[in-house]
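Some structures are shown below for you to check.
In the two assemblies presented below, subunit A is common to both, partnered first by subunit B and then by subunit C.
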Partner chain A sequence: MNKLVQNEMMKLIAKKRLIVIAIIISILVAMFTYAQYKEVERQREKLGTDDWRTMIQQTIIDQQNRISSSRISDEWKKQLQIALQQNQYYLDHDINPSEPGAPTFMRIFLENSIELFIPLMVMVIASDIVSSEHSQGSIKLLLTRPVKRWKVLLSKYISLTFAISLIVAIAGILSYGISGLVFGYQGWGAPVLTGFSVNDAGLNTASVKLIDQWQFLLMDFGLVWFVAIVVGTLSFMLSVLIRSTAAGMGVMLAALISGAILSNMVSSWESAKYFFMVNLKLTNYMNGNPPPIEGMTLSFSMLVLLVWWAIGLFVSFFVFTKKDVY
Partner chain B sequence: MEKITLSVHNLKKIIGKKEIIKGISFDLKEGEVFGFLGPNGAGKTTTIRMLVGLIKPTSGSIQIGGYNIEENFEEAMKHLGCIVENPELYPYLSGYDNLLHFANMLEGIGKERISEVTKLVGLKDRIHDRVKTYSLGMRQRLGIAQALLGRPKVLILDEPTNGLDPAGIREMREFIRFLAEDEGLSVLVSSHLLSEIQLLCDRVAIISRGTVIKTDSVHNLLSNRERVVWRFHPLEEGKQVLRSVTTIEEKEDGSISTEYDEIKTAQWNKMLVEAGVSVTEMNRKMPVLEDLFLELTGGDSIE
Partner chain C sequence: MNKNVIRSVTMVSVFFCLLWLVGLGWAVAEYYAGKPDKIPEKTVIEKKAEKKEGMHIVALGDSLTRGTGDETGKGYVGVLMDEIKEKSKQEVRLTNLGISGQVSDQLKEQIQQTEVKRQIQTADMVLVTMGGNDLFRGGQGLLEFNPEDITEIEKNFLENMNFIFQQIRTSNPNANVFCIGLYNPFIDLDDGKELSKVVRHWNYQSAELSATFPKIVFVPTFDLFELKVNDYLYTDKFHPNTKGYRLIAERVASLLTW
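Right after this comes the complex of A and B.
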C-alpha cells in the first residue's frame, strides 16, 4: 500500500498541479492583502483616527441607518440587525474583532474561501485523479497488475487526502506569510469571541466565549479541512463516474457555484438544506452569522456533509471495482 | 508434455442483450507464439480485455499459470504481462519513473530488474527522458519492458505492430520470437493482419463474430492448400490437358491455378509438354491466410 501511495504522489507531483495551485493562492492572497490595506487606509482617512472603537462605532451607525431605511427586505434587515448586535457586543466588551495582523487576515481569508475558493482548488486535483487515467488510457496498465482494484483506488484516495491537507496548509502558510509583510506577524493571542447563536429572537449571546485567536484559527482550519475533504471526495466520485475530466470538473463547478447562489436565496425552501453545497460555510457558525436556512446548525451541517462524504466514497469504490474498462 | 500456461474455457460476454463473445476456448503452451486473428469487431479486443481482467466475463473461466483470474486475481496476474492496444504510459514521467511505478505494483521487483528489462529492450540511453519525447517505437519498447518487469509466464500483446514502420515491425517480430524461443514465454498476439500472424505465430485461432472458427498450427492450416500457378501457350490446348486431370482456376491475368501435389504436378507438366504446349512458368504458391480466412468465414470481410 505504501508503494502504491508513493506512486500516486509521484504522479501528482510530476503533474505540477500543486505548484499551480500554490501560485494561484499566492496571487489571490497578495490581491486581498492589498485590498485590505487600502480599506484600512480609507477608513483611517475618513475617520481621521486609528482607533478601532471609533471605526466600529461608525460601522454601527452605518448599520443602524440602513436598517431604518424602508427599502431593504426584512431578511436583510434581520441579518444587519444581528451583525449590529455583534459589533455592539464587541464594543461593550472592549474587544477588537479585527485586530490587525497576519493571523487576523488568515482568519478572514479562510472564512471567505471555505465556500468556493478552497473547494475549487481541491477540485482541480480531485476531479482528474481517476479520470485522467481513463483519458490517457493508462488505466489499462494500472488495473492489469497483480493488485486488487480497491487497493488501487484506496491509494489514490489516500494521496488525495494528502494533497488536500497540503492545499489547506499552503493556503494557511501563504496567507500568513504574504499578509504579514504588510500587517505584521503579531496577533496570535488576540481575543476572539465565539459561540454566538442565532435564534428567532435574534442574536443569542448567552453562550459566547472568549478565546485566543490561535485557538479560533485552529478550529477554522479544522473546518476548512473537513469541507475540503468532503468536496474532494465528491469530485473523486465524479472522477470515477465520468471519464472526461472536463465534464467532471464542470459538474462539480456547477454544484459549487449553485451552492454559493442558493445560500443567498433558499431561506424559504427548507429541504434545500440537505444539499451539500449550501452547508459548506461552516465557519459562519463560529462567528455567529445567520445560516442560509433556518434551523441549520454546525452539527447539522457537519452531519449532512458527513453523509454526502460517505455516499461519495461508497459509490466511488462500488463503481470502480465493478465496472468494465473499455 | 508441454505445459499449458493460459487456459480459456467457454468464455462468454453479454453486453446489454447482445452476446459479444459466444463461448471461446483455447490453450496457450509454454514457449509458443499464439496468434489471435480476426477482422475488426470480431471480439479480439473484448476477449483480450477479459483475459487481463479489465472486463468481467459473463461466464466461462480463465486460468493463468493455473490460477483462476476471478477467484485469485492477484496470483493470476503475477504471471501475466500485457499491452492492451497502445502502451499508454504516463507521458509526464520519465521512462524510468514509469517502470518504477509499475515495479512498485509488483512484489519483489527492484531496481536491478528495471535496468535488466531496460537493457533487454534497448532503451538504456533514453530511459531518463520523459515519455512525451519518445517515438512510437520507443514507447512500444517501453511498453514491453513494463510488461516484462514481473517475469511473466504469459505475455499478451494486442496489435503489437500497430503504427510501427516496417523496420519497427521487423524488430518487434524478432523480439517476440526471441521471447518465446529463448525465454520460454507464451505470447498471445492479436492482429487483423494475416501476414503478420503468418510470419510470427506457431499456432493461430481464427475468430469471427465472437466465436473461434478454427484453431490449428499455422503449418497445418497452410499445407494442403498450396497451389501451382501455370503459364503456357497456346492457352486453350493447355487448359484442355489440365482439365482432363484436375480442376483448374483461371486468373484474370491469363495464368492458370491448380492444386499442388509433388508427384502429380510433375506428371501434368510432362503431359503438357508431350501435347506440344510450351510451359513458360510453373510457380508454387504458399497460400495466404487471407484466402483461408475467406474460405472459413464464407466471406466475412477482413477489413
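Right after this comes the complex of A and C.
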C-alpha cells in the first residue's frame, strides 16, 4: 500500500500540476493585493483619514442609507441590516474588523475563495486522476498487477487527499507571502470576533467570542480543507464514472458555478439546501454572515457535505471495482 | 524522479493534512462549545482623534444632507465644501453622517454613539438638517393635516433638538453649528398656504431654540423656495434639485467668516 501511494505521489509530482496551481494562485493573489491596496488608497483619499473608525462609521452610514431606500428587496435589506449591526458591534467594542496586514488579507482571501476558487484548483488535480489512466492506456498496466483494484483506487484517493492539503497550504503561504510585501506581515494576534449568529430578529451577539487572528485562521483553513476534500471526492467520482476528463470537469464546473449562483437566489426554495454546492461557504458560519437559506447551521452544512462525500466515495469504489476495462 | 523529493513532499502533505484536520476540529468545537466572552463596550473616548491640517466638517441629518435629488450627487454639503475649499485655500475633510429618512428621534440615538461623538469633537463646523421627515413624513403628513397632531410632533421635535444641540455643545464647545431650516415643498398645492403657516411656526421655534445655545446658527431656507418652488425641486416634488441645493449652500456660505 505504501508503495502504491508513493507511486501515485510520483505521478502527481511528475505532472507538475501543483506548480501550475501555485502559479495561478500567485498571479491571482498579486492581483487581489493590488486591488485591495487601491481600495484602501481610494478610501483614504475620500475620507481624508486612515482612521479605521472613521471608515467603518462611513460604511455604517452608507448601509443605513441603502436600507432606508425603498427600492431594495426585503431579502437584501435583511442582509444589509445584519452587516450593519456587525459593523456597529465592532465599532462599539473598538475592534478593527480588518486590521491591516497579511494575515487579515489571508483571511479575506480564504473566505472569498472557499466556494469557487479553491474547489476549482482542486478540480484541476482531481478530475483526471483516474480518467487520464484511461486516455493514456496505462490503466491496463496498472490493473494487471497482482494488486486488488480497491487498493489501487485507495492509493489514488490518498494521494489526492495529500495533494488537496498541499493546495490549501500553498494558497495560504502564497497569499501571506505576497500580500505581506504590501501590507506588512504583522497581525497574527489581532483580535477577531466570532460566534455571531443570525436569527429572525437579525444579528444575535449573545454568544460572541473574542479570539486571536491566528486561531481564527486555523479554523478557516480547516473548513476550507473540508470543503476542498468534499469537492475533490466528487470530482474523483466523476473521474471514475466518465472516461473523458473534459466532460467530467465540465459537469463539476457546472455544479460549482450553479452553486455560486443559487446561493444568491434560493432563499425561497428551501429544499435546495440539500445540494452540496450551496453549502460550501462554511466560513460564513464563523464570521456571522447569514446563510443562503434560513435555518442552515454549521452542523447541517457539514452533514450535507459529509453525505455527499460518502456517496461520492462509495460510488467511486463500487464502480471502479466492478467495471470492465478494455 | 528522485525518491527523496517524493518522500519529502509526501511528508509535508501529511503534516498539512493533519494540521487542517486539527483546524477543522477546532472550528466545530469552537462553534458549538466555545464560551462567550464578555467584551467591554467602549464608551469613553480615550484619545481625542488627532487634529489634522485643514478644516473638518461634520454633516448630520436626513436626505438633504445626503443630497437626494441632486443629479451631481453633491447636495448642499458638497457644494458648500467646494466653495470653502476654493475660498479658504485649505484642505477640507468632510464626514457626512446623514441618513435618508432620518427623523429627530433617530438622530438623537445616532448622536449618542461614541464614534459620532468623537467625530463631532474634532469638527470645525457642524451642519444639521432635521425636521423634514418629522413634519412631512414623506408627504403623508399632508393628507392627514391635523393641527393637534402637528403640535404634538413639533413639541417632540423641539425636545429632541434641544437634546441634540446639548450633546453637540458638550462634545465640542467651539465649532460653529448651522441648523438648516425647513422650506415648504407643497406651497403650490391646495393646502399649501396653511402648511406654510405650520412650517413658519416650526422654523420660528427652531430658531428660538438655536438662539439659546452659543454659536448655533439657524439658517432659514423658507424664503428661498417661496417663489417658483417647482424650479428648485427635484421630480419627486419634495427634495431640492441641483439648483435648490446650490441656493441652500450659498446661503450657508454667506454666513461663514474667516
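The definition used in the following text is that the second predicted complex is superposed on the first by the 326 of 326 C-alpha atoms of A that agree within 3 Å, B and C clash if a C-alpha of one lies under 4 Å from a C-alpha of the other, contacts with A are read in each partner's own complex, and residues count from 1 in each chain.
Everything below uses one rule, namely that a residue touches a chain if its C-beta (ideal position, glycine included) is under 8 Å from a C-beta of that chain, and two chains touch if they have at least 3 such contacts.
The model shown is predicted, which means the values in this text are computed figures rather than measured ones.
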Clash or fit (per the criteria above) of subunit B with subunit C on subunit A: fit
Field: Partner chain in contact with A:30 - subunit B first, subunit C second, else both or neither
entry: neither
Which of subunit B and subunit C A:241 touches, first, second, both or neither: neither
Query: Of the two partner chains, subunit B (first) and subunit C (second), which one does A:168 touch, if any: first, second, both, or neither?
result: second
Query: Where does A:324 make contact in the superposed view: on subunit B (first), on subunit C (second), on both, or on neither?
result: first
Field: Comparison of subunit B and subunit C by subunit A residues contacted
entry: C
Message: Quick check for you: in the superposed arrangement, does A:145 touch first (subunit B), second (subunit C), both or neither?
response: first
Message: Just to be sure I read the superposition right, which of the two partners does A:10 touch: subunit B = first, subunit C = second, or both, or neither?
response: both
- prompt: Is A:195 contacted by the first partner subunit B, the second partner subunit C, both or neither?
  reply: second
Message: According to the stated criteria, A:93 is in contact with first (subunit B), second (subunit C), both, or neither; which is it?
response: second
- prompt: Angle subunit B-subunit A-subunit C between C-alpha centres, in steps of 10 degrees?
  reply: 160
Query: In the superposed model, how near does subunit B get to subunit C, counting Cα atoms only, in Å?
result: 7
Field: subunit B and subunit C contact sites that coincide on subunit A, given as residue numbers
entry: 6, 10, 14
Message: Touching residues of subunit C toward subunit A in the complex: what are they?
response: 1, 5-7, 9-10, 12-14, 16-17, 19-28, 30-32, 34-37, 39-42, 49, 52, 54, 66, 91, 93-102, 113-116, 118-119
Residues on subunit B engaged by subunit A in the complex (per definition of touch): 49, 52-56, 73-78, 80, 82, 84-93, 97, 100-102, 104-107, 146, 150
- request: Report the residues of subunit A in contact with subunit C in the complex, numbered from low to high.
  value: 5-6, 9-10, 13-14, 47-49, 51, 53-54, 56-58, 61, 64-65, 68-69, 91-95, 161-163, 165-166, 168-169, 193-195, 206-211, 215, 218-226, 285-286, 298-299, 302
- prompt: In their complex, what parts of subunit A are in touch with subunit B?
  reply: 3-4, 6-7, 10-11, 14-15, 136-138, 140-148, 322, 324-326
